[in-house]
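You will see subunit A twice below: alongside subunit B first, and alongside subunit C after that.
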Partner chain A sequence: MPLSRTRTALNRQAIYNKEMASGLILGIESSCDETAAAVVRSGSEVLSNVVASQIATHALYGGVVPELASREHLTNIVPVVRTAVAEAGITLADLDAVAVTEGPGLAGALLVGITYAKALAYGLGTPLIAVNHLEGHIHAVLMEAKETLSLASGVPVLALVVSGGHTHLYLAEERDGLWNYRNVGRTIDDAAGEAYDKSAKLLGLGYPGGPLMDFLASHGDPNAVEFKLGGIKPKLHRDGASRGGEFDFSFSGIKTAVLRYTELHSMRERAAARHNALMQVEGNRREVALALCDRETLDLIASFQKAVAGYLVKQTMRAAEEFGAGSIIVSGGVAANRALRERMSAEAATRHLQIAFPSLALATDNAAMIAAAAWPKFAAGLFASDDLNAVPQLRLG
Partner chain B sequence: MLVKRFKTRSVEGTLALGPNMAEKLMPTPKLILLRGELGAGKTTLVKGIAQALTGVDPEEVTSPTFTLVHEYAGPKVHLYHLDLYRLEKEEELAALGIDEMASQPDALVLVEWGDKFQSVIQRADGQIMMRANDLDEREIFLEIL
Partner chain C sequence: MSDRRLLVIDTCGLGGSVALSSAAGVRQIELAPRMAASHGMRAVRALLDEAGFSLADLDAIAVLHGPGSFTGVRVGVAMAKGLSEASGVGLIPLSRLDVLRAMQPKAMFAVLNAGRGEFYLGSASEQELVTLEEMLSRVPAHVTVVVCEDRVADSLDAFMVVRVAEPTAKCGLGLAIEALEAGRLVTAEAVDALYLRRPDAERALEHRG
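Entry: the complex of A and B
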């Protein structure tokens, strides 16, 4: 690894030369559970995309580790970056820049990625680029859909970022090569993915059980139980002007409604038995879980899914109309949900809106999206300074 | 020891309990267990307390289940809202820095699902227990050691 310790952040910008550039950016992501690294060329061509849980760290370090603690990130970061560079078929010296998530996330977890990225960029003499995790999720879709979405200037894209930790609506628009964002809606309590996971837990499906709920939903009657979502009261600002909030989300109520339903229909004991039986299952639990679910439970799951997907679609479409969006992108872990994809696509089609979802590998937390989001910043020379720090509550727009 | 009981009939009622509850939780530093089932209203109660202590808009106070920790800085109190639901091991707890948080002089640390860990129970200066009764009212029981 060539080391040039005398370069400062300032002349790093000066040495950057577009003609000489390889376009290769190493992305590093460690904001929450996953330690991830990826190499992406020119913001769109994914050469490698490695997430710690996918490689054999558990074989190396004994036992599958939940990547919650910064200690796990510390253990993972070196092998993950090495694997990403090797799988891309490049050497570190080929990199044009190192990009890293600066927030939002857990301070200790973020710091592992940031410290490593800083040291690596310093050692290589390449620029360091800071990326907002939520912006990354938006670029996870943009990087794949740039060709299919005809992005006209002046017509914003509406992005729904929906996962276990986020439910946010952003207007995104490219101006002079850089992307600008405006947050127009967000959850005021639980994230959509969290409502899925917690409801799954109430039904004895384990945690996190969101994807399992999605699978089971197709086996029940979605019209069996009526759930109501929304009903957030518009609020006035101190100066009397409306602060908006009409595109916000609330998922706390449906979680409570599922709890009440299970109590009212004496489903708790069955859920506990189901939980114990599922705990014994190694590997794929889908078919076993299906066999363990009675009609009443399947109907509840199907109804829950219909209500949540419908609510996400409704709020997104209302916002798209209000802000004149020409296309919609859906990203984050819940973007993998079948009902959400189907209903969002159908509704977009009737409204003549373009729509794009990420591929499965880019839906959940990954580093390719960080490298992709860094590309426009790289081209614009928007680099992070040497004192880049973790910003746990970082906002976008 | 301080023991108080409250009952609220709506989300608004639980939010409005914030200032009263905040006052009872002074002085800092304190680590308080927040107990109650899913849907008991724990996040709603924290919204009210956070607004009273730090002036934050209650809508900005969201569930920390996925993110583990949310912080709200006020003029006199630094509020930490933790959810240990997803944690399984003591090592993970240590990595989260719960000791560092709770030892700051202006810290009020509210911990959901803290009773999963013996070390957190021992550290706690008190607890708030919440439950929804058959009338969909919220019963709130505050106990400070």
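Entry: the complex of A and C
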């Protein structure tokens, strides 16, 4: 690919000669159901962070519909980027680079952001930077917590990225200005957020169920139902390597346990009635949902929340100890969960570990984290070529 | 030959193509099947580099915005939007059905394969997704219908069918120049994909509800 190689060389030259670099990076994110754009200066100062959420569209279907997501991204991408640039008080010509999520995510959805970013970067004559969505989530916290976390060299950070699509543990370390990652744990089935969404659906709470479950959990008895999580048996893979490592997660069991509980306690009809009532509600559904939940349901939710948060905390702390992490960062949509924040913080304090969470706006999918993660790559001249394509199963570390 | 400078993007089909028209003539780069997403941008760069002018020197960017492969259509439209936003050059969305119809001056209708036994049917007044039965009721027997796919030609033996090659980007030049001369340029925000087919999930939801 001679063309792209030339391009990369030219870009590096341009940057090195650029004494008055603005440090402004436009981030674009379209990996799932949020069309997002943001302008971040030098990887830390968020000048704008715009997210066009498609939740209302997908809620009707009880989950993200890939074709609908892709269509909405195409419709939203121009106004979202325009708004991000305008809110940052800059023009496109001020940008030093365009960064975009290359994966993991939905192929069709990713492609809209990637293709748009490629064309925009080409037209502006700026470099294009490809960012792993999971690395973005880690930088969502790093960009805010750099000051508070004292990051000593040689002491790794343990990052728990936990959302509707991911549950991963990474060891992250900065070397020569660039961040390196090692994946030390992952879910072998559902993501934690997925377990929340699926359980919420079983209880007639609609999609997405996580935030609503979190709210309702504080109104129930967390010790009412005992859920057991974990206990993954390492399975020998065909190649002899064992699947299911020590710090892996499994959430399919608790989802089944919730299903069994609702069946045993004849909760299905109540859930259906609750679902129908909630579908009529526009805007904030919290108080209505609370009124629609009986004691048994609230206790089940509180117990579920306790079990999931406890499991995430336990695995994370075990990994932190094993790998000698000095600090823990928690990111992704589930990082907004109150029980997880409280229990993780308390446990970290006991163990004298530093801990950081993203602010609410940076916990769920956003583009500021993409622009922030792109900054070290920009400084190192790590640019993507014209041929950048979506990598739906992209891994980190 | 027009001396207006036009870029035309078509990634609606299995492959795709990008064409550049200027006083020097028309140059087109064809993209291998399923490679539009990864090689489309490289082709645009190559055409402009070869012609020796920049994006901002263009008079317009035309894009075939459907109907066709959903992902292919989105790649072309997203690319056109990005190029337009970066350069301020106006866009001309072209229907692939209109482009196909323009390839055969006598044709009143153009038909493309929509898969699943359905067709995209286009005339000067309407573009829609139809079944074979619906098409038979909409298209008068004596008019010329232009097609570019075997499957469609085989299904339409009741009509006066003219078979042409599958349209590429340069086939849209005539319509694009016409739109440019008439000042029918739009901004990136105003262009969306011309799917004609609704998402399956939407249809299923309606069916259930």
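We take it that the second predicted complex is superposed on the first by the 354 of 397 C-alpha atoms of A that agree within 3 Å, B and C clash if a C-alpha of one lies under 4 Å from a C-alpha of the other, contacts with A are read in each partner's own complex, and residues count from 1 in each chain.
Heads up, the rule we're going with is that a residue touches a chain if its C-beta (ideal position, glycine included) is under 8 Å from a C-beta of that chain, and two chains touch if they have at least 3 such contacts.
Everything numeric in this text was worked out from a predicted model, so none of it was measured.
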First, second, both or neither for A:123, with subunit B first and subunit C second: second
Partner chain in contact with A:387 - subunit B first, subunit C second, else both or neither: second
Partner chain(s) touched by A:79 [first = subunit B, second = subunit C, both, neither]: second
Touching partner for A:70 - first (subunit B), second (subunit C), both, neither: both
Touched partner set for A:108, first subunit B, second subunit C, both or neither: both
Partner chain(s) touched by A:187 [first = subunit B, second = subunit C, both, neither]: first
Partner chain in contact with A:272 - subunit B first, subunit C second, else both or neither: neither
Shared subunit A surface residues [contacts with subunit B and with subunit C]: 68, 70-71, 107-108
Residue numbers on subunit A that touch subunit B, as the complex places them: 32, 66, 68-71, 104-108, 163-165, 187-191, 193-194, 197-198, 201-202, 207, 235, 245, 248, 252, 255-256, 259-260, 392-393
In the complex, subunit C residues that touch subunit A: 37-42, 44-46, 55, 70-71, 74-75, 77-83, 85-87, 188-189, 192-193, 195, 199-202, 205
Subunit A - residues contacting subunit C, complex: 1, 3-4, 7, 60-61, 65, 67-68, 70-71, 74-75, 77-79, 81-82, 92, 107-108, 111-112, 114-124, 386-390
Subunit B residues touching subunit A - in the complex, by the definition given at the top: 37-39, 43-44, 58-59, 62-63, 65-71, 85-88, 91-92, 94-97, 132
